[in-house]
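Which chain is which? They are A, B and C, in the order written, and residues in each are numbered from 1.
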Amino acid sequence: MNLYTEGDPIADTKAPDGPIETRWDRRRFNAKLVNPSNRRKLTVIVVGTGLAGGSAAATLGELGYQVKSYCYQDSPRRAHSIAAQGGINAAKNYRNDGDSIHRLFYDTVKGGDFRARESNVHRLAEVSVEIIDQCVAQGVPFAREYGGLLDTRSFGGAQVQRTFYARGQTGQQLLLGAYQALERQIARGTVEMNSRHEMLELIVVDGRARGIVVRDMVTGEITTDFADAVVLASGGYGNVFYLSTNAKGCNVTATWRAHRKGALFANPCYTQIHPTCIPVSGDHQSKLTLMSESLRNDGRVWVPKEVGDKRSPKDIPENERDYYLERIYPAFGNLVPRDIASRAAKNVCDEGRGVGPTGLGVYLDFADAINRLGRSVVAERYGNLFDMYQRITGENPYEVPMRIYPAVHYTMGGLWVDYDLQSTIPGLYVIGEANFSDHGANRLGASALMQGLADGYFVLPNTISDYLSAGPFAPIDESTPEVAQARADVEDRVSRLLAINGDRTVDSFHRELGRIMWEHCGMERTDAGLRKALDEIRALREQFWQRVKVPGTGEGLNQALEKAGRVADFFELAELMCIDALHRTESCGGHFRGESQTPEGEAQRDDAHFSYVAAWEFTGADQPPVLHKEDLVFEYVHPTQRSYK
Amino acid sequence: MNLTLRIWRQAGPEDRGQMVTYQVPDVSPDMSFLEMLDVLNERLTLDGEEPVAFDHDCREGICGACSLVINGEPHGPERATTTCQLHMRHFSDGETIDIEPWRAKAFPVIKDLVVNRDAFDRIIAAGGYITAPTGSAPEAHAQPVAKANADAAFENAACIGCGACVAACPNGSGMLFTAAKVSQLGLLPQGQPERYTRVIGMMAEHDAAGFGGCTNIGECAVACPKEIPLTSIGRLNRDFLKAAAIRNDTPGT
Amino acid sequence: MSRSPLRSSIGLKIVMAVTGIALVLFLIAHMLGNLKVFAGQTSFDHYAHWLRQLGAPILPGTWFIWIQRILLLVAVIAHIAAATALAVRAKAAQPVRYAHRRPVRTSYAARTMRWGGVIILLFVIYHILDLTTGTLNPLGDPDRPFANVVADFAPSRWYVTLFYTLAVVALGFHLRHGVYSALRSLGQQTPRGQRTAKAFALVFAIVLCAGFLAVPFAVLTGLVR
């Protein structure tokens, strides 16, 4: 049986043609509006309260729509955006260092390895400026200089200093700004908040997204909720790898259920791997912790020259150390982009030169920086990161070099959306990390926060009115056949999971799935590896449905049941990721395809064959998915091969 | 190492609940506290018992979900460390560890170690924001902020809303949490127009939610994983005094 | 904003602080007055007499002292009422106790304010019956305060001195946290100020204790007779 079939190409028809600088303006002008007095009659469900969902719900509420907001945590403030550390890009050019909207646009298209839509990226760059204004007005305490003005820094590969930050907690501060705006609307009654509710199904009636089925995670009750439009802002699916920097609850369920209901899923294999994470310490490990990329500004990466050199780092003399990034990439040295740093680390570990108890780690050494700058300067720059490292590993990075290893961090795949952020199901909008990212096969930092807030504050509220102006749509209720069916499906699934009563825990399956994915669909992929992974995933999925043990009942809080549902969806997603990775035989973005490399062993993109978005259609369980291609056209930034040598 | 755990088990909000003893063998010192509980839960599951429910999400000390009182100390013995960042190397072989949920009337237990912290959200909704409708913002550089104020605002903004302050306070007061938000916003020029209505609104909600009053004991700041300064409570008191005096609608104040 | 600001939990704190400070002012004056003992019998009795006449001729007779007494009484009642209200709320805010007792990680003084307050109250009642009304005093002559004091702390009545000492030490603890706490309640808000406030409260409590205890111990050791 074929792994997939190819269907008709798709096109994004919402973005106007013509000069790119005015497309967003013109789209906004052409979009139909809803009269303020009619907005009250229109209901929108927003799933997710991260940067994307939180800002969208607050803004829609402010506009006067009736918003119903959902998240699985106990409070909207805990969405995973809270964990983002580094910063957010904006083309403010406060430094007068030559930045502009066009340059941010240009850098982002390039950073996305020419797998992004120009129109969307340009809009993102335009809106970036407004985001900073908005957040400052909300009281987000960005870093400032002594003159009282905002400070910026340079971040991953950019030559201008355009990254705004709030110490190492930028995501937290931006999210709290959105959360507070959301709470204000909750108090005003325009937004109804439903925390500790997990969306388990999408309701589609007459071809339109009209509601969701949720499980109240406290009472266990399964209920339905209806609206004129549904917005998914449910974040990324990095947890398919089990070990990732994502929060434990991050899941694909919301978007996967929509995919099964007909929304196309685009570029599922695009994941971003972050080179500076704390290495795994043992089998008990439940998640990985990111150490900010900024550490590479002053730390030097090395491993021993000899294979299997188990001496402590202090005892390894200078001439027996291999500062491999500085050696291979003299121009960029320790500051090469994420994907290159990650793969280089994997390569030296594969050669057997990795350090630490597991051999999966490389040193990030601050001895030189401490000698050069003094301990206090290093402490001032990185003190809180050093403390966190010490808390987790028990080692003092001022004394012994840190150990780091790459980890899955961010997923660029997601539901396919058009310029308006609408999926292929009318009335279903997808924003933030949940959609396939504006920034393509991104290799840079500080773009995801920008996208989340751009979508939520500025883009969606403007485009959704075009759809809502046709509403309110015909009322539906529990007895509508599609509704009853969706709800019955969920109930059925829950009772099936509870009834298996096997002999393996959910986590044991998840861990095994993660290992397969990391091994074969992680940083480096090969045809043979991916085919093997597909076989293993299918076999494991079968085992899962026969042997998983979910204790307890469906009534009341049952964390094992929640996990089981998420892992079940991860299995299906994992398969699609492998198929997507298999069909994309080029090296691109964060991933290296073994079969596609330059003579020097660097990533080789294949623009002739793969300059498209791969959007997958679900055709039924165990049926091969259908591939729809959206061609990417580059009018303003012309694809070039990159080189960091 | 081998540990004995005494864990609060409570099937639901109406259940009475009790401490139950479990043995956990072979704990690695590199495990985090929550990973140690994961191990216990895996075993309970296979033994056909209900795993212990506890809140957690990011497991890197920033979301504020994790919330265990360990040997009487919210987030355990290490300073400036959330439960999820606490590692087992701080415990010793053969130790007995007591694990309980946050205790406060405003934080009712949902199950085992999971409590309901909606009260914090309601305090924020009652004024813990700056009104800035999307699109209405002036240019970010229109209003410089003195670095000292910006830094102090940040220090307070670092609160993760975990509730350890309440769990630690002998009065069950939510004052440190409230003070952190009032201070953050009150230190910024953007926060001035609503400065006094904010504090009145938030305090009214704080009291209505059933938190106790503060008598400046200071346990909250010791337990706080983000080291929110105790002095913020003074700032809250001062703003409240002023707000009560000017009753928030006197022009020119 | 249903509750009046005074009944809000911060309002109650402010009531505690203001009344506490009023009581502290009285104590300072009272301590200084007591130290007149060292100036001899006539001086002390004269001072006590002068106190009662204070305000004359604007206020006739013993008005001044009665106004002062009323103010003190109001302060004490308000202080206790606010303390009780806060205690009741604290109890309600934490209906379930921890199985593992929370260790005290700040100061014991802060944790014993309520007990300390009750001890002080009991002491003051006894003290008034002792030295103001004279009911419990071996001499009990309202016109001879010096003699009353000397009779009170006679070496044979060491237990009275002991009780006074305990009470004054309890007061010292109450004030060590109380003075710092009052400043915080009234808006002290900087880390440096906090260090100063703590140091000041400690020194103040020690000086006040020493000042009060000087009198009974002077009598006990025969320094004053």
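Heads up, the rule we're going with is that contacts are C-beta pairs under 8 Å (C-beta built on N, C-alpha and C of every residue); 3 or more make two chains touch, one makes a residue touch a chain.
Please read all numbers here as calculations on a predicted model, not as lab measurements.
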{"item": "Farthest chain (mean CA position) relative to chain C", "value": "A"}
{"item": "Central chain (distance from its CA mean to the mean of all protein CA atoms)", "value": "B"}
{"item": "Geometric centre distance via CA averages, chain B-chain A, whole Å", "value": "27"}
{"item": "Rounded Å distance, chain A centre to chain C centre (Cα mean)", "value": "63"}
{"item": "Cα-centroid distance, chain B relative to chain C, in whole angstrom", "value": "36"}
{"item": "Residues within chain C bordering two or more other chains", "value": "none"}
{"item": "Residue ranges of chain B touching chain A (in the complex, touch as defined)", "value": "11-12, 28-32, 34-36, 38-39, 41-42, 44-46, 48-51, 53, 55-65, 78, 80-81, 85, 87, 89, 110-111, 114, 116-118, 120-121, 124-126, 128-141, 143-147, 150, 153-154, 157-158, 160-161, 184-185, 188, 190-191"}
{"item": "Footprint of chain B on chain A - complex, ascending", "value": "55, 58-59, 62, 73-78, 80, 82-83, 92, 94, 130, 132-134, 136-150, 166-167, 169, 172-173, 176, 179-181, 183-184, 186-187, 193, 195, 218, 245, 247-249, 281-282, 284-287, 289-290, 387-388, 391-394, 457-458, 461, 503, 505, 507-508, 549, 551-552, 556-557, 559-560"}
{"item": "Residue numbers on chain C that touch chain B, as the complex places them", "value": "1-3, 5-6, 8-14, 16, 86, 89-90, 92-107, 110-111, 113, 177, 180-181, 184-191, 193-194"}
{"item": "Touching residues (chain side chain B, partner chain C) in the complex", "value": "6, 8, 19, 69, 71-73, 98, 100, 103-106, 168, 170-173, 175, 200-201, 203-204, 206-208, 210-219, 222-223, 229-238, 240-241, 243-244"}
